[in-house]
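What follows is chain A paired twice: with chain B in the first complex and chain C in the second.
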Partner chain A sequence: MSVEAREARQPWILLSPALTAVALLLFVPLIFIVIYSFWLRTATGADQVGFYLDNWQEALTDPFYRDILLNTLKIAAITTAVCAVMGYPAAYFIARSKGNKAILLLLLMLPFWISYIIRTMSWINILGVSGAFNSTLMALGIISEPIQMLYNETTVILGLVHFLLPFMVLNVFVSLDGIDTNLEDAANSLGATRWQAFMQVTLPLSLPGLAAGGLLCFVLGAGTYITPMVLGGPTDAMFANLVFEAIITQLNWPLGSALSLMLLVVLGVLVLIYNRYLGMAQLMKGLG
Partner chain B sequence: MSSVTLNNIVKRFGNFTAVHRSSLEIAEGAFVTLLGPSGCGKTTNLRMIAGLLDPTEGEILIGGKRVNDVPIHKRNLGLVFQNYALFPHKTVADNVAFGLKYRDVPSSEIPRRVEKALELVQLPHVAHRYPKELSGGQQQRIALARAIVIEPDVLLLDEPLSALDANLREDMRVELKRIQERIGVTTIFVTHDQSEALAMSDEIVVMSEGRVEQVGAPEEVYNTPASEFVANFLGASNIMDARCTKAGAHVTVEAPIFGKLDIPADKAPLIETEGPAKLVVRAEKLLLSTSEAPEGVVSVPATVETVDYQGQAVRYFVRAGDTQLQAINMIDGHPFAEGTNVNIHLRPQDCAALPGQ
Partner chain C sequence: MTRKMDNTTRYERLRERYMNGDLDRRSFLGLIGAAGLAYGVQTPFARFAHAQEVQQVRFDGWGGVVSEAFREHAFAPYTEKTGIEVVDGTFGGGDEYLSRVKASQEGEYNIAHLSGVFDYARYHNLGLSTVLNEDNIPNLQYVIPKLIDVFRNVSDGKLSCVPYDYGTTGLAYNRKYISDDEAKEKGAKLLIDEAYKDKISGWSDWRTRIWYAALQTGQNPNAIEDMDAVWDAVRQHRDLSVKYWGSGAELMSLLAEEEVYVTEGWSGRIYALQEQGHDMGYIDPPNGMGWQECLFVIKGSPMEACEELLNFMLAPETSIAVAEGQNYPPALDPQKVDLGDKIPTLPAFDPTGKLDGLTFADPAYWNGNEQEWSKTFGRVQKGY
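And then the complex of A and B:
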């Protein structure tokens, strides 16, 4: 075999374990989900195999699902915006700090060592009726009755920000870290103040990182069901909760499949729009 | 256009002193080079003048005004970096126009000024391209245009040619000097490349380990190095322990191999008394020959040990007694073969001397 042929084959050999895993664990189940979504759940609880559009009709026309989908997108959008506003300065600080960058990045990664569910539940100990916040205020005599702070949309967003902020910081950091600091110096020397130099040079050059972080936060936020389950009230269900409800609670796999495909398509379209304008390369850079 | 003065400047980073107490006068309109190996403090000096670093002690004056507390964006300086530092998301025209937006230049005037600057660097046709579409040499010209379009009081160049290929570097050197002479701006140029320094400067400031070793015109620092470091850093020199046996209008130095040499006093300005001295002989002043020396030329027999052929010139390492010497000779035809017995010819007036320890 020629050297060129061997070199051409090499990437495929190296990729094959990953491709096999993705095919077996992602695409095959996805095909099953697509098939399930056309089955029908009968009143007896048994699934009727066939090609029925009933689930799709229900998912697409019932305003209940539409409202929760819109609410899910709204919560994901707010979460993303909060992560951007909070994460950018932190990323800037890490990128511009000299020497201890590695330690700061390690601190950023540290929360990932604790389960996301535990991290989410920790808010109950902080904001709950007998949590740290209320106990402190009561002990100080500022309030006499505990304040009900949990189980609303705000705490859902709080929990999501807590979960997703590191993704934003990492992506913006990678982007900022790749910007030559001479560019800001050059802008300053030409008469721009530090703020003007930031707005004219650094911010535009870091936008791809901000967009990549935003996409990750949005997609992960819109697809979550743990946070609203743990920190949300009865009316704060997000779209993934509906899928959970249909499949786990009601054992209605066909409807659950249709709903999950609906969410997949909506988020997939958003990713495609992002890819059209900014490209996946930046996202890969941020994840690496 | 302005003069630049450094007054008793010291710069420390923690315990490390990057620039030891030094003072420097740079005349209005002059092209001054800070020359030295990496880590000698030349860039630190430049960055202090630019306002990117604060001096630990001392003051910086631009045009006679103290600027220590003037932030960089108000100093009106043109700054050119080794890596060009063009804004990658802006077109060439927007890069060049950047500094004009922060000045009282009417917006109708900006395109004309940009065009003029691009003509000055001989790239009038690239205005709408992005930096990454240009070659390194072109990018550096744009960086220069961006720095001079604001009519800076001082132009600061931080190794602007180091990232370019050898041939391009020499062209850009001529080009840069031409532009500087045309606009007459006071220019401070930082480099580790002695040939750039010698070719371009009105004055060279040789630095080593945070100290100024010598300040002088190119011929001066080249022909009359003030220290062993300068003698070695600018070109190749042979430095030998010697003794000064007569100081005054003519200095007599007694060195091994060459014996007594009468050196003009202006080649040994630092020698004040008789005693230990160093003899400095530039490698290109040692002429290898198989013939007898003419009148007034010292001749010493030697053997060629190593031949480093460079085309029009050859660098020889020759041995005379137990001393190895370096000689760079222009040649026409074949170099001497290794092992050839030759005579080293040296004119005493080509030597320089430094005080010894």
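And then the complex of A and C:
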């Protein structure tokens, strides 16, 4: 075998464990889900094997699913916007800080050491009727009765922001950290104020990081079901909750498969659009 | 009734004879080898006979105080006696667990603490049931006959489970805000009382929501005639509720933290709250929801080891200790077994052992409507 041929094979040999894992753990289950989506659930809960379009017809034509999907996209968009507004200044502060950058990044990563469910449930102890916020306000005499703050769409968004903010900060930080600070100095020396230098130099250069963080926040936010389940009221369901219900409560795996594929396609299209205009390289940097 | 000797006892006796010197080493090893050969020959996986030795049984239950009671009073002593480890798992609801079992390989899940004859019928209809050798469970004789018969009716006279306890899903309310008189007077309609808007909750289980909506609209839950009225009542309750709860722990937390003043709740969990010092009231409205729980052996399980565990758990001393720990009356017949002092004080307890005062869900009726009602509830729940 020639040296060139050996060198051409080497990346594939190194990649093969990861490719095998992805094939077995992602693509094979995905194929099963696609097959399942064409089966039917019988009255006893057993699955009827065959090729039926009923689940797809229901998922694509029933306004119930469309409305919940639109509401999910709305909640994910609001969450992403809040994360961007809150995350950018934090990332800027970390990127421009001198000496303690590592500690600040460590602090940013700290929440990941605690289970996502525990972090979500912690809001019950903060915003609940007997929670820290109400107790403090009552102790200060500001309110006489506890305020009902939990179990609505706002607390769902709050829980999602709590979960997703570090993803935004990390992506924006990676982008800002790669910008040469001399560029801002050059803009200042040419007469630009600090604000103008930021708006015309730093912000445009950091937009790929902001977009990568936004994509991650949006995709992860749109696919969650724990947060609305723990912090939402009776009507605050997201699309992933429908998948959960179809599969777990109704034992309707075929319909649940069709719904999960529908969500996958919608979010996949967003990723493709992102990739078309910005490329995946920035996202990989942020995740790395 | 003669009891067939289980493998554990058989090997224990053999070892005892060898240790006492009644059996020489050659004979002992020969008998062990013969047993292994016989076991190996009868299975298609003879060469893996050693690996098939039952070392553990998986048990799945409702978690919280219920699982704590099982662990302390049943599993630990059973493991000590038999050497078989009980792997103790939990689930939040019967639907979720059934989905897990459906996705699993045979033998992965063994015994489940299932609720209601409804679930028993679903498991049976999905081909997940087994046939218990009742000779291996002599303690079954102490169980209330009515509780056994309903299971037999579902599975052609055979049993895939043993009844274990029973309880009710009644009205639980905070006495600081709602008096006993008010709760009795309003009954199930307390859950749709505008005066408690945003202080009401309920279980996210579609059966419970429909059952209580039937009571709120003056209908028999086992023969509903006006389903539109029921859905309207479910919507009314949804709009007044701050949140649906999804587990016993969440139910207890919502009441204890005073996030809600009234909800329907599981009798044992409310009793646990009362024991913790919370001033909770609990009543079963007329036609309130009664249920029984069973220990169900799932297809593919090691039957003898499971039957031995079931027999151990049905032994009066174990069953009573578990019942006192989980606050649900045991399935033992009070006419045959002295249940002690605490159990007669538990909610839903029936001293006659006939259970005539409780209304149970008709499994055929509820299973027949499951597909349509669970789906519709999923929509109503989300504001439709």
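In this section, the second predicted complex is superposed on the first by the 288 of 288 C-alpha atoms of A that agree within 3 Å, B and C clash if a C-alpha of one lies under 4 Å from a C-alpha of the other, contacts with A are read in each partner's own complex, and residues count from 1 in each chain.
The rule we apply is simple: a contact is a pair of C-beta atoms (placed from the backbone, for glycine too) under 8 Å apart; a residue touches a chain by one contact, two chains touch by 3 or more.
Computed from a prediction, not measured in an experiment: that's the story for all the values here.
Model built by superposing both complexes on chain A: chain B and chain C fit together without a clash.
Of the two partner chains placed by the overlay, only chain B lies in contact with A:Asn188; chain C stays clear of it.
Angle at the C-alpha centre of chain A formed with the centres of chain B and chain C, after superposition on chain A: 150°, rounded to the nearest 10. When the two complexes are superposed, the chain touching more residues of chain A, out of chain B and chain C, is C. In the superposition on chain A, contact is made by A:Val201 with chain B only, not with chain C.
Using the contact criterion defined above for the overlaid structures, shared-chain residue A:Asn100 touches neither chain B nor chain C, since it reaches no partner.
In the superposition on chain A, no contact is made by A:Gln57 with either chain B or chain C.
Of the two partner chains placed around the shared chain by superposition, chain C is the only one that A:Ile247 touches, whereas chain B remains out of contact. Once the two complexes are overlaid on the shared chain, A:Ser115 sits clear of chain B and of chain C alike.
After superposing both complexes on chain A, the closest C-alpha pair between chain B and chain C lies 48 Å apart. Listing the residues of chain B that touch chain A in their complex gives 50-52, 71-79, 81, 83, 85, 87-89, 98-99, 101-103, 143, 146-147, 150, 156. For chain C in complex with chain A, the touching residues are 95-96, 98-99, 102, 122, 125-127, 198, 206, 238, 241-244, 246, 253, 257-259, 367-368, 370-371, 374-375, 378-379, 381-384. Residue ranges of chain A in contact with chain C, taken from their complex: 41, 43-46, 64, 68, 124, 128-130, 148, 150-151, 229, 232-235, 237, 242, 245-253.
Partner chain B is touched in their complex by these residues of chain A: 180, 182-183, 185-194, 196, 200-201, 204-205.
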